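Working notes, structure below.
Chains here go by letter, A, B and C, matching the order in which they are written, and residues are numbered from 1 within each.
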Amino acid sequence: MLSARLSDRRGALELDVELAALEGATTVLVGESGAGKTSILRALAGLDRPASGRITVDGADWLDTGRSVSLPPWRREVGYVPQDYALFPHLTVQENVAFGLQTLRLPAAERRARVQDALATAGITGLEHRMPRQLSGGQQQRVALARALAPAPRLLLLDEPLAALDLQTRRLVRTELRELLGRLPCITIYVTHSPVEALVFGDQIVVLEQGRISQAGPREELLRYPRSPFVAELMGTNLFIGRRAAAGDAPGSRVRTAEGDVAVSVYPAQGDVFLTVSPREITLFRERPAGSAQNVFAGPIVELVPEPPAGERVRVVLGTRPMLVAEVTREAVTALRLREGAEVFAAFKATGVTLYS
Amino acid sequence: MDSSPDRCPSPRPDRTALGGTLVRLGVAVAAALLLLLLGLPLAALVLRVPAEALWSRLGQPLVLEALRLSLATSAASTAAVVALGLPTAYLLATRGFPGKRIVLVLIDLPLVLPPTVAGVALLAAFGRAGLAGGVLHAFGVSLPFTTLGVVVAQTFVAVPFFVGAARTGLAEVDRRYVDMAATLGSPPGRTFLRVMLPLAFPALLSGAVMSWARALGEFGATITFAGNLPGVTQTMPLAVYLALQSDLDAAVALSVLLLAVSLVVLLVLRSGSAGPAGARARALRPAE
Amino acid sequence: MAAQVALAAPVVPAWPARTLTVFAAASLTDAFTELGRRLERRAPGVSVRFNFAGSQQLVAQLEQGAAADVLASADQQWMRTAADRGLVAGGAVIFARNRLVVIVPTSNPGRISRLEDLARPGLKLVLAGAAVPAGRFSREVLGRLGAAPGFPPDFAGRVLANLASEEENVRAVVAKVQLGEADAGMVYRSDVTPPVAARMRVLEIPGERNVLAEYPIAVLRDAADTAGARAFVSLVLSPEGQQVLEQHGFLAGPVPVAAPR
């Protein structure tokens, strides 16, 4: 198990995070570029030393600035797969993968066997004597993975592994990689800026926003109960943050948010509350709908995004206050003559609101 | 066909073509002049000596001594330059430290120092009456008038050629590979040998060759610091210079001999960079 | 090699500005520089330019086409070579003579007090190269000393075994001994100038074993300024010139130097 607390300042970014990860599971670190994801990876790998922090892996302290403990990278059992793979250009695939084994003092036969195992795990065999420049992007990625896995690291760090691949390859690799990572016994940290990848790979998702962790937890939790607009946007759902409108109100009362009151169907507790509305709960109208139990927001359509694979469902991004995302059928789009710039009304029932604090 | 004057005039083909041709011509002429400047003296030298004369000269003990001495001392000084220069270049390429700029200037100094001045400086430092003369004497080491002194003089003037190329070559090795090797369990020493050296090899080889060439041709510092004695300190350049004063034909023959030896060594080293190590090194270029 | 040379007093008519180039043996550096200055004072507009080097090197340069007006070499052999190669106009005249001495640094690291000590193994001796007149004379002197009583017959061989370096002109020998790098060297007496004498000790060589170096001077055939060349030669041969040479440690030339008029 990994437990890390890091605090650092790099240029304009102030990093202050605390995270934990378990072996056998993949923890995804998701956030925009510049949020600090790579800084965290480099600190975990030992390539950079944060101003203050503590990193403990399986009970061993890799870093403890308080006690001036700082293991250099070559003494940490870590495997690192960077975004551009960094395969040694002057070595063959075989030599690349064997590189991490050479300091382990293994008999040659065992070394060869482990190289073969790692290559098989990564799903490429038969390319042992090729040079990196002779490989495709996808092949290079697998070799980089095999190389990181061969020394059986305790901590595996993957920095945007799919970012350098073209769209086609990315989809193919995604499934395979997910399956592979699922079988690994080590602690895997997977860094990405893509919400889709976060959802696909993350047993646990950690959302990083400007050097700080907005929310961390299992996939379901973030999907259902986002706690920041960024997380909500990442998960593709709608979030309101507000306070109970008035004390002592009966169920069916309203929650006051910055953009207006929202009618809810449960009795809100005191203090700050989070409200989510799934995009599917939102109905679009061309005219203001009637009905008092409805929440209605008006605004122009900003974007229409057909959902893969076939565009049966369409996500509609609305320039309402707050910005809302609705999901409708293709037929509805045609029927309502929805197009960008059109003024619509978005409505959802009080019962469609999930409330939590 | 409308020929209104408002239309853009068609490009003037003769102007642009002439511009391009002139430039190409200029480039060709410059290159030809350069090759002429280098090639004509060398060709004239070779043509001046009848082949039999060259062969008979080869047998002369004085010539053999000078040749042997030149090859031995230049090899020794190149080895010294690499042995001392590689760690220095590594330090300069990977670390910053206070006074680094001064160190860089110091290493480049022999490049701008006239060789004879270098010789005088070496005497002032390592001569019998020099600054470090006493220390050397205590260890039983004497440099002026010795073959070791020749090696020291050659090393002094050849250092900047190697260290400059090595420093650049090592600095250009992508930091990513060094980081990657570290995460794969390789301590810095091993990373240097297995990653930095192979990737910087072409630059290192080139620097070593230049260093050797400079050592082979060294004259001013040698004659001032080490002196001139056949078999001990009289290298080929010294032999040629002295022969020039009494026997022009001998001087020419010696010059051609030195030229031939240099050519052979250069070819061997260049083809070394065409061998497997060099092919790997060259293959790295397009990938990066 | 006597020849008819005008011995008139060096009264030099004014010439338009020109440069006179004199090639002279290294040992003549100080004396000729002084004489050049005197000529310049007498003939404003004339500047004298010197090339001091080993005589063998001067002749080699002239052969390669170097332009000069006057040649003064440290021995007759090289002047003869120059004449054989058609470089000299007319004949050459001996204008000075010189003898060799042995010099050791003041600190005397070799602990040399007598000429015999030169044969002691382990010393560092510096001589001019065999092609340089001073070098040739040095070896001749060593041979003569070997034949002298009190010296072992293989004296020359033993001394030459101590040879550490062969310099290409005699002044370089002076430099090496002055720097303290060599234990001893053999140079002309004229090379022991006052500043040099302060830093070294001189061992005299007995007259009968010493060589008498004879310095010839000649106008060159391809001289650009024959009149100027002759004026310089006249100055050198004049009583004034001879006096300057003597002041610098040379012995006067055998040519009778009668007062003009």
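The rule is simple: a residue touches a chain if its C-beta (ideal position, glycine included) is under 8 Å from a C-beta of that chain, and two chains touch if they have at least 3 such contacts.
Quantities reported herein were computed from a predicted structural model and do not represent experimental measurements.
Counted as hops between touching chains, the shortest connection from chain A to chain C is 2. Comparing chain pairs B-C and A-B by the number of C-beta pairs in contact, the larger count belongs to A-B.
The distance from the centre of chain A to the centre of chain C, with each centre set as the mean of the Cα atoms, comes to 92 Å. Centroids built from CA atoms put chain C at 40 Å from chain B. Between the CA-based centres of chain A and chain B the separation comes to 55 Å, rounded to the whole angstrom.
Interface residues of chain C facing chain B in the complex, by the touch rule stated above, are 54, 56-57, 60, 63, 107, 109, 124, 126, 129, 131, 163-168, 176, 179-181. Every residue of chain B that touches chain A in the complex is listed here, in rising order: 174, 176-177, 179-187, 190, 194-195, 198-199, 280-281, 283-284, 286-288. Against chain B, in their complex, chain A makes its touches with residues 45-47, 72-76, 78-80, 82, 84, 86, 88-90, 99-100, 102-104, 131-133, 147-148, 151.
Note for the complex: chain B touches chain C at residues 123, 127-129, 144-145, 227-229, 233, 241-242, 244-246, 248.
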